[in-house]
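First the structure, then my questions, so here it is.
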């Protein structure tokens, strides 16, 4: 594991106490309290929770396993990447898309609701410590775990973000990213051309890779997209990490419901991932 | 069926549009809205709901079949007697005891919650139209369906109420009854003597029956108590009605889960009851 | 569950004309239904109670509660228990016997402009036969559903459904008595449902109903007693949907005759899952208790799903699992 | 579920001294347990993961995930699906094989001051035997649980558990190899669980585990596909509790050996229901996923229940249904 020592940007209030890849506190059960919850776009919402332990121990790329309060017949927890964590005020934020009954119910939780969380879980992003030029590629909600990753780079690193969605109304707000990423490094694509470039994210990635070399690529989003990005990275001999989604029961490495086929055998997305070295994944 | 024509007391704001035993509107599904909900005693709570159709059509002794909102794994409705119904403002009241998860959850519902009701259901009380002296006997929550019954008698009828509980802190508030029942006709008993007479309700009933004759006895509460009251009534050749509780699935007469053994065969507590002629019940 | 049902105001048909072009009709082994939705035997009384909530002609068929030759008094109380996402029942096929059934229930039901499937019970093969013989005299019956799967009576019932030879012979005997569509209802409480299904198909059944309830039990830990007077009962409701879907899927691969799927169906999505697994029609059971409008809401939802997904004939869905 | 578990702060044992006098220990066919609570195979990894949440010595025993002779890769993804009050899994007994299991998992686990029940799988009787032979060389194993009931592998597994003769012979062969307590785990997917139970008892099993998962299926109505890659899987969780209770109750009446009850247990009340039905000990499975503190919370709850009800030895509860 690369143990990156990073000096933080002045403006970076989040993750200021966290170290990439360090052995911060492991997963614990924590009852979070909803501070704020609401839609940002068509089917995309953000929930802010007070959860001090998780806020203080989360590394970028990790996730929480959330029990849906008040849905007693839904016995499984739901995994969500930690979008942002503020160690000082003990808050975390999750970005989520309403795709089913669980996430729809999540979007109705009023402030003050107690939410049973387990976190932080998983192997986070492991960018090389000396990366000078990095590329983050997020499709749809896949940008969620990239925001906190973006925050960890120093000003010496040139951070690019390709951010895609089906259409403008499903695009995650890119504004928060501008804290860490300068305008020309922000590349927006939509499948229907309603915002940014009219193409898939992979096309934008391809173009960027052809223009200049990167030391690191991190991607999250639909698996076919991640696979294509991984292939492009391989083509350009660039170290690339992917963040894979699997249906998860336990979320802590016990049940083997979430396995990913890798060159070193079956790995568990929850604890051996969700971030994997792209070249080790057997798609 | 006795079709009682009653003239109502001046002070009777509830049930003023209802006729005992008349063919008022049958059961419908109605979404009630919680107006007020809270504990009155140890484990006894009262919920007030806006439900105009049910409020206008309920006859004393009928019940509603309530779907527990937000308890998705609890698929069965819960039956509750209508304690009071105000046809004019479209409100009903239920008295309930927290005995299990469903009723405990019910006690947490905030004002404004939508509650799926089916009602009014069942055969209500059928007192003889010319009853001069009637005795109501309620054990525990069994007083719930007796309040609206009490309200239907004219001032020409002498209405007695025997009201029992295990202890003072489980006693339903008798104050509302004083609108319809004068103090000397109110007989309170507790099993432990912490309020009223230190005896079971049946003892009080026995004493009353020995002192003077009644034209009608209506009882609700634990089944052994109802059985004893029925036996005393039979001894004194008094017309007696009981209100029986059974586990109910459909609540509308379709599933046969709630049967009561009677001299005319198996009857459904939900639609053939819950009020039965005591002499017809095979205990 | 359609919003309409939840708001307690599901008046009349879904009259959205953009949905008009979807053909919902199905043929269940000779029984022509205007849509694939019926109700599960024993959960709908004989229709009268639910007719207070909606017009029964909105459904594809009505299935009556089980009827036997003589009156049956059923089991002692308590007869039901709630379980997680389900319920147990041990009604025990209480019914007034075939004569009273014909004179009281059937005569009303056959005026409702909806095909009637009569669910038939017996303690012995000869009782099943006697009921069918008697019912043959009634013109208005659309089909029979042979219940060889009730877990709630001591002899008969389930014992026919757990042995493929017994299932074969009772089906064959009934087959010889009637030209009407004969649906045989199977129990899930078996090691190999396919074996039983093939037996009743070979015996001449026109369709198979799947599933009856799953044997279960509930215990009151405080009182240290079984909740049901009969101790064990039949589990139904959403909890058993995965079991039912698996059996429909498995049987669909092993027989040619159409299937009537049931077990925990609450919504149109549930119904579609059963059709994809191989059901031609579906029955709504326990969901009626939770929401009396469940069955017509499923019909409306099926129409919407088909319109949305560009399906012109709902029969396309049967077995269309990818 | 104890409040403590819900609040994520269940530190250490319940140290209320008024509860101290309750004797929670049980003997499961020769396996001495300090309390009747173990975990269900496959739901608890090999303990390490949950040891981050609580000390494993709070439980009566730990049951490992299924181990086979060679490494098994299990089934394709998706391997799980959520259902109403339950879940389906088709993990397919993925495991690294008995050698790696011994060197990696077992060596850690046997230092946790808790008896270890090793769950054994095989495709054939000789594979079961080979695993047991290898495990006999390891001193720290407290008991074996023979899984003849997994619905998630094609040959072997469940096929032994659905046929009483096969169940008898595999049990007998294993019995001849070991003097350790031998628990045989049965599948609920059978017509007559009592018949299988009697067969394994006759073959020398010291105890019986009931139940493994119920065969089920989930379908995605939009994508028109099964949710699981393997299409069918095993249903577990609260949904199946009534089925499990019924089987424990039935088997308890037919065999003399003790039972390890499981299927949907989430709380101490659930555990007591299983004991009343006839279980000597219980296992917590799917509930671990919902709440990682489920198992110790059940232990605490059992202690409280006994104290409340004036029960001095928990063994009094076994089969104490009225």
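Read from first to last, the chains carry the letters A, B, C and D; within each, the first residue is number 1.
Note that in this section contacts are C-beta pairs under 8 Å (C-beta built on N, C-alpha and C of every residue); 3 or more make two chains touch, one makes a residue touch a chain.
Predicted model, so just to flag it, every value in this text is computed and none were measured.
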- request: Quickly list, by label, the chains bordering both chain A and chain D.
  value: B, C
Chain located farthest away, centre of chain C as origin (C-alpha): A
Between chain D and chain C, distance of the C-alpha-averaged centres to the nearest whole Å: 35
- prompt: Whole-Å distance, chain A centre to chain B centre, using C-alpha means?
  reply: 58
Message: Between chain A and chain C, what distance separates the C-alpha centroids? Give it in angstrom.
response: 47
- line: Residue numbers in chain A touching two or more further chains are 72-74
Query: If you look at chain C, which of its residues touch at least two other chains?
result: 84-86, 237-238
- prompt: Which word fits how the chains touch one another: line, ring, star, complete or other?
  reply: complete
Task: Mind listing the chain A positions that touch chain C in their complex?
output: 73
Query: For the complex, which residues does chain D have touching chain C?
result: 83-86, 88, 162, 189-192, 214-219, 221, 223-226, 231-232, 235, 237-243, 245-246, 249, 264, 269, 272-273, 276-277, 305, 320-322
Message: List the residues on chain B that touch chain C in their complex, please.
response: 26-31, 67, 72-77, 116, 118, 246-259, 266, 271
- prompt: Which bits of chain C are touching chain B when the two form their complex?
  reply: 6-8, 42-45, 48-50, 52-53, 65, 73-74, 77-82, 84-87, 89, 91, 94, 237-238, 286, 288-293
- line: Per the touch rule, the chain D residues reaching chain B in their complex are 84-85, 238
